[in-house]
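In this document, chain identifiers A, B, C and D correspond to the written order of the chains, with residue numbering beginning at 1 in each.
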Amino acid sequence: MNRDDPEGAIAAAARSCSNWGRWGEDDRLGTLNHLTPDKRRQGAALVRRGDSFSLSLPFDMNGPQKGWRRRTNPVHTMLDTGTDAAAGLQDFPHGIGGADDVITMPLQCCTQWDGLGHIFDHGRAWNGRDAATTVTSQGDLVTGIEHMAAHVAGRAVLLDVGRVVGGGELPDGFAITEAHLVTTAETHGVAVGRGDVVLVRTGQLARAKRDGWGDYAGGPAPGLSFTTAEWLHRSEIAAIATDTWGFEVRPNEFAEAFQPLHQVVIPHIGLLVGEMWDLEALAEDCARDGVHEFWLSAAPLPITGAVGSPVNPIAVK
Amino acid sequence: MNRDDPEGAIAAAARSCSNWGRWGEDDRLGTLNHLTPDKRRQGAALVRRGDSFSLSLPFDMNGPQKGWRRRTNPVHTMLDTGTDAAAGLQDFPHGIGGADDVITMPLQCCTQWDGLGHIFDHGRAWNGRDAATTVTSQGDLVTGIEHMAAHVAGRAVLLDVGRVVGGGELPDGFAITEAHLVTTAETHGVAVGRGDVVLVRTGQLARAKRDGWGDYAGGPAPGLSFTTAEWLHRSEIAAIATDTWGFEVRPNEFAEAFQPLHQVVIPHIGLLVGEMWDLEALAEDCARDGVHEFWLSAAPLPITGAVGSPVNPIAVK
Amino acid sequence: MNRDDPEGAIAAAARSCSNWGRWGEDDRLGTLNHLTPDKRRQGAALVRRGDSFSLSLPFDMNGPQKGWRRRTNPVHTMLDTGTDAAAGLQDFPHGIGGADDVITMPLQCCTQWDGLGHIFDHGRAWNGRDAATTVTSQGDLVTGIEHMAAHVAGRAVLLDVGRVVGGGELPDGFAITEAHLVTTAETHGVAVGRGDVVLVRTGQLARAKRDGWGDYAGGPAPGLSFTTAEWLHRSEIAAIATDTWGFEVRPNEFAEAFQPLHQVVIPHIGLLVGEMWDLEALAEDCARDGVHEFWLSAAPLPITGAVGSPVNPIAVK
Amino acid sequence: MNRDDPEGAIAAAARSCSNWGRWGEDDRLGTLNHLTPDKRRQGAALVRRGDSFSLSLPFDMNGPQKGWRRRTNPVHTMLDTGTDAAAGLQDFPHGIGGADDVITMPLQCCTQWDGLGHIFDHGRAWNGRDAATTVTSQGDLVTGIEHMAAHVAGRAVLLDVGRVVGGGELPDGFAITEAHLVTTAETHGVAVGRGDVVLVRTGQLARAKRDGWGDYAGGPAPGLSFTTAEWLHRSEIAAIATDTWGFEVRPNEFAEAFQPLHQVVIPHIGLLVGEMWDLEALAEDCARDGVHEFWLSAAPLPITGAVGSPVNPIAVK
């Protein structure tokens, strides 16, 4: 990997990892094709205690966003309130009162899935489509996240690299390699394979919770090394999610680059990528009972034409 | 039930169905307390084929809302597009391009959960709290939907009253009684009990899909009779959801009233109520294989202080 | 004018009316260049009684929009309320309370100016610029409405074609020609010339106020004939505004067309166009005192990169 | 003025400055009642050169807001773009293309007017009204800013206290007293009286433009002393605006307080207050030609029920 040639490295990785055409010309699911009904049966069989964990951060104004590319934190406002109801200011009969609310938020502001229309490589979107005609001002006309609405439920695995390799937390700038992933899985005694959703905990979020957001949104962070592209492809996982803003290590591993691993895994592998997942409580539990596999439901909101979606992923052990 | 005295009827039902204090003074979950880990194990055991169903309508401008109480349909806009990326108009290196998006929507606009702070009875919120200080302009300071984030996953049952009683669809204004619910469950051969999530299909949505929204949002509709309050309480279900705008029958069964059943079930029973769920594909499948029980994940987005949440419920059989 | 060849007619009109290059390659003002300080002195001299008129419709949910191209009516919500303040629910000292609010609205939803980046002809924007690089997802990078912030104040003239030609209101589909404009000005005894802002009242809004919005937003309407392009250019007016949704007559005068006059006047003439202005009270006053010229301030909000702006135009007589 | 008794000082000032009832029980204009047609004639007569100045900051993401009380900077997004149009991605005939846009913004985020419903004193709004029933979640039901739509146009005066007293800029925390205002007016040779709009330049904005926003939104700032309440009342001005976030000096002059002058001038005097006005170019011009009086149009957007409005004020000399 030539530090000074991200474009060449990306092109090479794209060639060797490409899933273009693998599921037909009309495919809108990418690696979710690996997540079969059989995988859901396996996942359901992992529900032993029946305890559930939300892997979502709170959606509110106290989030990590600072306005980069107009990404703000969610703004939640009330249309009607209990205060108004109690003051008798609503025109409803027989003592009924109500409260309604509204939200305005970037779909990339908090715990989220990146849709297949989120990243392009030289004007090409997933499956080789022309980015220009796929994602216009009207939204993603082909691979909108609504096509994934029913799919993201199955077996998931936690790889707590922060604990295994970092003794709790990986430092910012730490590049997680295939070797780290394999070692972590072995240490956990868990298998990772076709159709799994893989959750990688770096521990950066634990740090942010303790010390404040700082530059969590876009600053230095531990994350997947560019070199994991091959593993991400070869392992045939259905999806991956991390507890960081941007999934891959930052600063990126090239002299001048911006999220080069995204440029391979989304348009070429068709990989579903989750970001800003809160894996803390789940990881604590896994460390306690030694079980790192579980049921996961993480259905995106079917926002027509969206290139991403907020999500409240639920793990059940 | 005196048609001319909704206030009296509501007060009587509230008295006999009240769960106030049942789970302590600090409770923020209401009937979700019935949804125990054991229930999740039962639910997971129902995953037989591994097929999953999204029960969400599309979130877009083509939804049913017409502006009542400022409830609009979701407005989804792009911050960056593939068209821009392909035209070389983004300041990113090595050929990467990206698309981002934003949504503005009432939390009650589409497939949703009503939170515990959504409805009040004479200025009282769930568990007897003062509505005035519980849900202010800052949102629901006590029972915000974020408290339910990890809970809504377990065993669910479909009661296809539309098919069993209505031969497919119930007409608008049809009041579903306890007898209808019981008959439907018996016909399906399915038990309904403590901790279940009950999905009631009226068939109205099938009509709306065929004929257009018309007055789906707030007009006449089939739905639960006010008289089912007792059953909703006694059965100890964890949650209920329908394929209609407002869960209960409309016009309401009193001479002059507005959603009287809400006034009992939300503040007094603490019942989690879902609305505008798309049960069509699931119901079709259940009619085909005769199995009306399944796993359900329907986690609300943990929007801090929200009195409701959009949701993409996933059923797995 | 060949009814079946809008493209040819537009091309011909564009050629004969083009102002490209007239004010230099860097121009961002178009016909506002005609509105000179001298013109403002003339306008100020028309303030005789000191009576002012707002020419804006209310910005609220009761507006004409129906969702075409995601154009909704404005949604105004409160962040803090007097109800909360009076209930002592705000954390402020010494008895102070406050209310704040938020708005979400398309810039084209109500009384507005169309900016120079609003309409293109075959991929060309005002002054011959490439539309692709001028108005991206980041907004209008060149001719954003902020460049007009200080300019729109000067002499204005009301041409009440509705009263003079239509006896009060013109019917929908009525095409206002140069002859109608000239006759109206003569009847009013008012001169129209270089640097003036021309307000054309059709009377359609009076009808909408009386009968309801109906298809006001995009349906049939009286308006400027395509043939007025020459006059709009030759007269060297600074801006024009009407009491209709779309300025030009609808249905448009070609067999199949969409706003062909826009395609000439905005990108080629560089004309500032106002729509949905409420001219009723002003027109009433002008009819009463026979004076159809006055001071006008109609400053757009300087929203960076916007292709239009809501505006509350103030006429002073 | 007892530094430790803001509540007492406010009560005393409120008593001595109250305009409650002065313009009748139904009044919705407050001190705008002072701005008569005669005043507009005087203002128009001040248009000598015809040069116009926008006094508005840009409305965009680069504004001063940091999220206090959910006040964000404006978020402007595109519904359609020139890039899409040029790529032939819009379904329009004969080569026409278009761009539309949307804005979401707090009405208090940038250059603005505070409406009469913005501030309360012990649950009382302007004219003695009950704040609880005046400004609910539905907005300001009585004194919404729409009632001011036609009024804010007339004679204005710049008091450049920053230049006269501060040699350019006043330091943060500098309290401008009546003596400073009088001295400045005398130095300028300009009279201030009944019905005038008074623009007070502190110079803080010049500093923010040079050094970055810092804590411009809510931090220390020069501004009107609490003691000016009497002058603001006695002078019978129609409105006042400053180049600061909050009009009055910060930290406020009491040991523990929050905007005490607001609590007097808005609910008791009924004074229209403008904030975050950009007076730099205008002040430069006034310093050059020595003329500190001019025409001003500063019409709020008539957003129904709003407690404030963004505004692009236009001064013409």
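Just so it is clear, a residue touches a chain if its C-beta (ideal position, glycine included) is under 8 Å from a C-beta of that chain, and two chains touch if they have at least 3 such contacts.
The chain lineup, named per UniProt: A, B, C, D = Putative cyclase.
Note that the structure is a prediction, hence the values are computed from the model and not measured.
In terms of residue-numbered contacts, B-C and A-D present the same interface, as over half of their contact pairs agree; the other options in A-C, A-B or A-D do not.
Both copies, chain A and chain D, contribute mostly matching positions to the interface they share, with over half of the numbers common to the two.
Centroids of chain B and chain D (each the mean of its C-alpha atoms) stand 45 Å apart. Chain D has its Cα centroid 26 Å from the Cα centroid of chain C. Along chain C, residues 70, 75-81, 83-84, 86-87, 89, 102, 104, 132-133, 136-138 each make contact with two or more other chains.
Because contacts link each chain to all the remaining chains, their graph is best described as complete. Note for the complex: chain D touches chain C at residues 6-7, 10, 36-41, 43-45, 47-54, 56-60, 62, 69-71, 74, 76-83, 85-87, 92-108, 117-123, 125, 130-140, 146, 149-153, 254, 256-260, 262-263, 295, 297, 299-308, 310-314, 316.
Here chain C touches chain B in the complex through residues 61, 67, 70, 72-73, 75-81, 84, 87, 89, 104, 132-133, 136-138, going by the rule given at the top.
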